[in-house]
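Each of the next two complexes has chain A plus one other chain: chain B in the first, chain C in the second.
Coming up: the complex of A and B.
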C-alpha cells in the first residue's frame, strides 16, 4: 500500500467535495462581478452610451427626420463657436448657474452646523430644511414662480409692505434678475439634500477630536479650519459633484419658471439643446451641442474628483 | 512646580448630581490614580480638571490659579483619551506638532521637540504615517507623544490602556511608569482596573458613586482599607468579608464568625475595638492571610477545618474556596496544598492582618 505524506493527508482532508464550475477563485470573482453588473450596465448602455454615440455621429452630419444624412464635417461646431450668440449666452449662463453648487454648499454647511449643535428642536429644523428636497422640481418651479409674481407674489408683497420698493419687481421677466432668481430657487431646492449629506459627515467626526483640539490650544475657528473642514472634504466634494450635475441638468426648473427667457437670459445648454432639437428640429445641431456639453461636463467632474483627492463621498474616520 | 487642588467639587447633569463634593490635592510631580467602578464619576472629575465639563460647584486650582473659568487651552494641561482622539487626517508628526503651532513655537523648535518626544516613545519611524496605519499600541504612543511634546503642567489620562489587549496593556503600563520617571510631570490617571491603579500610582484615590472612599498609597489602601467598599474593591481576589459579632472572651476580645468559630483578637488591637463589644461587625481578612496548616494542633481553637468547594490553581499558588457561616471564603494557599474538591482544608487565620468594619457606615473601625 502506498504511504501518504502528512501534506497529502492534509490536502486530502481539505479537498472540496465538488469541483466548481470555474476552477480559479480569482476568475470566479471576476465572473460574479460582471454578472452583478449586467442589469445596470444594460440600462446604461441602452439609454446613455448608445444615444451619446448616436449624438456624436449625428454632430458630423446634416440630418433631419425627412432628409437623408449627408456628411457635414465640423460645420456644426464652427457654427456653434463662431456664429451662434445664443450658444455663447447659454454657455455663460450654465457656468454662472453652476455657482448654485458652491453657494448652496456654503449655506448648507452653515445650516448643518447649526442643526448639529445643541439648539432646541433641532430635529424640527432638520426636517423643515430637508423637506424641499423630495418635492418635485415642477412643484418647486410653480411655487417659486408664484413667490416671484409681480402682482400676487409674496416677495413683492413683503417688499412693498415694508416700503422698500414703490414699483413691483418683475423678478423673472427682467434681464438683470431672471437668472439670479431661478438660481435662488435651485439653491433652495437642493439645500436640504446638501445639508443631510454634510450633517452625516459632521456627525461622523468624533467629539473627542474637538476636545483634544481645544486642549491642544485650537480655538473655535481653528477647530473648524483644521478639523471640521478637512474631515468633511469627501462630503463637500460629493455635494459639489452632485450639485454640478444637478445644475447641468436643471431643465425642468428653467422650463417651468422662465422657459429660458426673457430673451435668452436664463437659457442653459440643456434648454438650448432641447429647443434646437424639439422646437427647431435641428437634431444634428442639437447633437453637436450635446457633445460639447458632455465634454465640458466630464472635464468638470474629473477636475472636481481630482481636487477631492479621488475620494469624493467617502466617509472614513480612522 | 505644578500642583492640582480640588475643593469640594460638585457636578450636576441637570437635576442629577453625579459628583458629590470631592477634595483632593495632587502634589508636584505626583502620579495620582482615580479608580472606581463604572459610572462612579472618574471621567467626569477628570474632564472638569481638563475644562471639558463645567464645574457645578467648588473650585479647581492648578498651582495658585483658580481655573474654573479658564478654557481648556489656557490651563496648560495635556490629555490622553481612551480612544486616543488622534487627528485622522494628519500624519503622526502633524498630530504631535498640532498643539505647538498654537503656542508660538517656531518651525525648528517644533521639529526638535517632536523628534525628541518621538525618540522617547520609540515612534521615530512612524512620523510620516497616518493614525489608521498604526497598531493600537502605536496609536497609544502617539497619543502620549502628543501630550509630552508640549511639556505641560499636568497630564490627564482617561483609561488610556483599556482599548489594548491584555498583554499590550501590561507592557504599556510599564512604559507609562518609565515615562513618568523620565518626564516627571504631575499626572492624574483614571482607570477602573485596580491592578493598573496599584502598579502605577504614587497615591490612589478610590471613588464610589461620586464620593471619595479613600486616598492613600497603594500599600495603605491595600493593607488598611478605610471602608468595606475599598476592601471589596482592591486586591484580586478581594478581601474576605464576613458578618461577625465582637464578644468578650475570658482574657480579651474575640470575633464570633459562626457557631463554632470564635477568633481571638490580638492584644495590640484590643484597645481599638473595645467599644464594640457585643455589637455586630464586618470581619475582613485577605486571602493570603489565611494560612495553610495541615498539621495544626487540633486543640488550637483558631484552626478552621472546612471542605474545599472550589479550587483555582494559579501556578504560584492555589485559590481554595470554602464557606464559613454560609458565606464563601477564599484562601491563597501553596500550590498542591489541596488537590481535589471535597478534601478537607485546615487553615489558620492570621489575626494580625484582620480588619473590622462598622456594618452600618461601612467604615473601618
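Coming up: the complex of A and C.
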C-alpha cells in the first residue's frame, strides 16, 4: 500500500461501493456506544460488583491489613450464628427498625390525601412537611439528641409540664426507649419524602374513576379501598423499598444519637459492621457480617416485591 | 372527587390538622435555632419556650473555634467533583442506552442489579480499594464512589428517549460527531434531566457521612457533616456553640433545597420511580 499514489487512492475510493462506508460508520457508532458506557460501568464495577465479591471471599478468610490471608472456612459464620450475642441484637434491632417504613408510610398516606385536597396554601403545607427530608442526617441526630435530653430536653419538659410523668425519662440512655426514640427521629426525617411519592401516585389516579364510583353509590371508604389503595400500590411499594434500604443504611443517625448504646440496645447490622472493621480491626469478620446483611436485605426486598404483586421492580429495557 | 364540591366550612378541619402537623414537624427546627441564639445549657431548667436574650455570641464562638470555611470548601470541592462526574458519565451512559447494541440486556441487568447493592454493603472492600488506589484522605477518594448513580443514568435515558430519532439522524447526516450530538442536541433538550442530575448528586454528596468518616484522617480534609460530628463528640457540653455550628452546617443545604425546590422534588419523584 505504501506505493499507492494519491491519484490511485482517490480512484480506489471512488470505485469502492457505498455499502461498506455506511457499515464502517455503523461499526464506529457501536464502538462509541460501548465507549460511552465504560466510564460509568467502571465506577459500578469498582465500587459495587468487586466489593460484593470481595466481601464474599473475605468472609471465608482470616485476614487483617497486616497479616496474609488464610482460608477460614465457615469459621466466621459459626462464630456469628452460634456465639455472637451482639450480632443477634443487631439483627433483631435491624428488623425492628424496619418498622419505620410501614409506620411512616401509613402516616404519610394520610398527609398525602390531606395535601391533595383542593385547599388554599397546600403548596406551603407540602413544603413545610417535606423540609426535614433534605436535612443532613448528622444534623438531625444532633437536634433530636437535644430534644430528648434527660434534664432539659423539650420532650421531658412538655411531659412534665402536662403532668404525664413525675420523673424525667432518659430516652436515649435507657434500654426500653432508646431504639424507639431513634426510630421516631428517622420517621420525622423521611415522612415528607414518603408523602411526596404517595402524592404523585394520588395525582396519577384518573378523576373519572371516583366520579363513576360515586354515581354507583360507593361511599368514601369504599372508594379508598377499591380505587385509591389498589392504584397506589406501585407508589406504596416504592416507599416500602426505599424505607427498607433506609433502615439498613441508617448509620448516621445511630452513630450521632446513641452510637449503638446503651449496651447494644440500638446496635444495627450496619453500625456493628463499622465497629468490627474500623474500631476492632476485624475486617474479615465484618466482611462476613456484610454478606449476611446483604442476603437478609435481598430476601426482604424480594418478599416485599412478592407481596406487592410480583412485577413492581419491572423496567422496560428498550 | 368530592373535595371539589367542598365548601369552606368542610375545609377547616383539614387546615387545622395540617397546621398542627406542620407545627410538630417544625418544632425541631425552632428548638435548634432557639438554642443556638440563647445557648441554654444543661443546667437551665425549665427551658424557656421563647428565646431569652438572643445573641450571636455562639455563632461567633463556633466561627472562631471551628475551621468552618475549610470544611465548607472541602464539601464544595467534593460535591463539585461528584456533580461534574455524574453529568458527564451519566449523560454518556444514558445516551448509549438509547441505542440498540449487542449485550444491551446484560448491561441493563448489571446496572439494575448494582442498584440493589446499597453502598453500605460494600464499605469494607470499597475502603480497601480506595487505599490501594492511594486515595485515602483525598477529595477524589471522597467523590469517586459517587461518580455515577444508576438512577440518574436512567433519568437521562428516559429524557433522551423522548428526542425524536429523525432529529438525531438529520444531525448525523449534517456530519455532527456523536459527542457533538450529545452536547449540542441532546443535553439542551434534556434540561430537566440535567437539573435532576445536578440536584440529586449534590444533595447525596453534601449529606454523605459514613464514607468521609471512614477514609478521612486529617481535620483539614473533613467535610461539613464529619466536622459537625467531630465537634459534637469533643465538646458535648458547649451547648450554644454546638447548635450554632449545627445551624451553620445545615443552612447551606436547606437553602439550596428552597431555591431549587421544584427541580428537587421533580427529580426525586422521577428519579425514584425510575428505580
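What we mean here is this: the second predicted complex is superposed on the first by the 267 of 318 C-alpha atoms of A that agree within 3 Å, B and C clash if a C-alpha of one lies under 4 Å from a C-alpha of the other, contacts with A are read in each partner's own complex, and residues count from 1 in each chain.
To be clear about the criterion, a residue touches a chain if its C-beta (ideal position, glycine included) is under 8 Å from a C-beta of that chain, and two chains touch if they have at least 3 such contacts.
Small disclaimer: the values here were computed from a predicted structure and weren't measured.
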Side-by-side fit of chain B and chain C on chain A, or clash: fit
Touching partner for A:231 - first (chain B), second (chain C), both, neither: first
Touched partner set for A:174, first chain B, second chain C, both or neither: neither
Which superposed partner A:281 touches (first chain B, second chain C, both, neither): neither
Touched partner set for A:64, first chain B, second chain C, both or neither: neither
Chain B versus chain C as contact partner of A:34, first or second or both or neither: second
First, second, both or neither for A:119, with chain B first and chain C second: second
Partner chain in contact with A:222 - chain B first, chain C second, else both or neither: first
Partner chain in contact with A:214 - chain B first, chain C second, else both or neither: both
Larger contact residue set on chain A - chain B or chain C: C
Smallest separation of CA atoms, chain C relative to chain B, angstrom: 6
Overlap of chain C and chain B interfaces on chain A (superposed complexes): 214, 317-318
Of chain A, residues touching chain B in the complex: 206, 208-209, 211-219, 222, 226-227, 230-231, 316-318
Chain B to chain A touching residues, read off their complex: 50-52, 71-73, 77-79, 81, 83, 85, 87-89, 98-99, 102-103, 131-132, 146
Chain A-touching residues of chain C, taken from the complex the two chains share: 1-4, 6, 11, 14-15, 17-18, 21-22, 25-29, 31-32, 35, 40-47, 88-90, 92-93, 95-97, 99-102, 104-105, 107-108, 110-112, 114, 116-129, 144-145, 147-148, 150, 153-154, 178, 203, 206-207, 209-210, 213-214, 224-225, 228-229, 232, 239, 242-243, 246, 249-250, 253-254, 256-257, 261, 264-265, 268-269, 272-275
Partner chain C, residues of chain A touching it in the complex: 29-30, 32-34, 36-37, 39-41, 43-44, 46-52, 54-55, 58, 111, 114-115, 117-119, 125, 127-132, 134-140, 142-144, 146-147, 149, 151-154, 157, 161, 188, 191-193, 196-197, 200, 207, 210, 214, 220, 234-235, 238, 241-242, 245, 248-249, 251-252, 255-256, 270, 273-274, 277-278, 283, 286-287, 290, 293-294, 297-298, 301, 315, 317-318
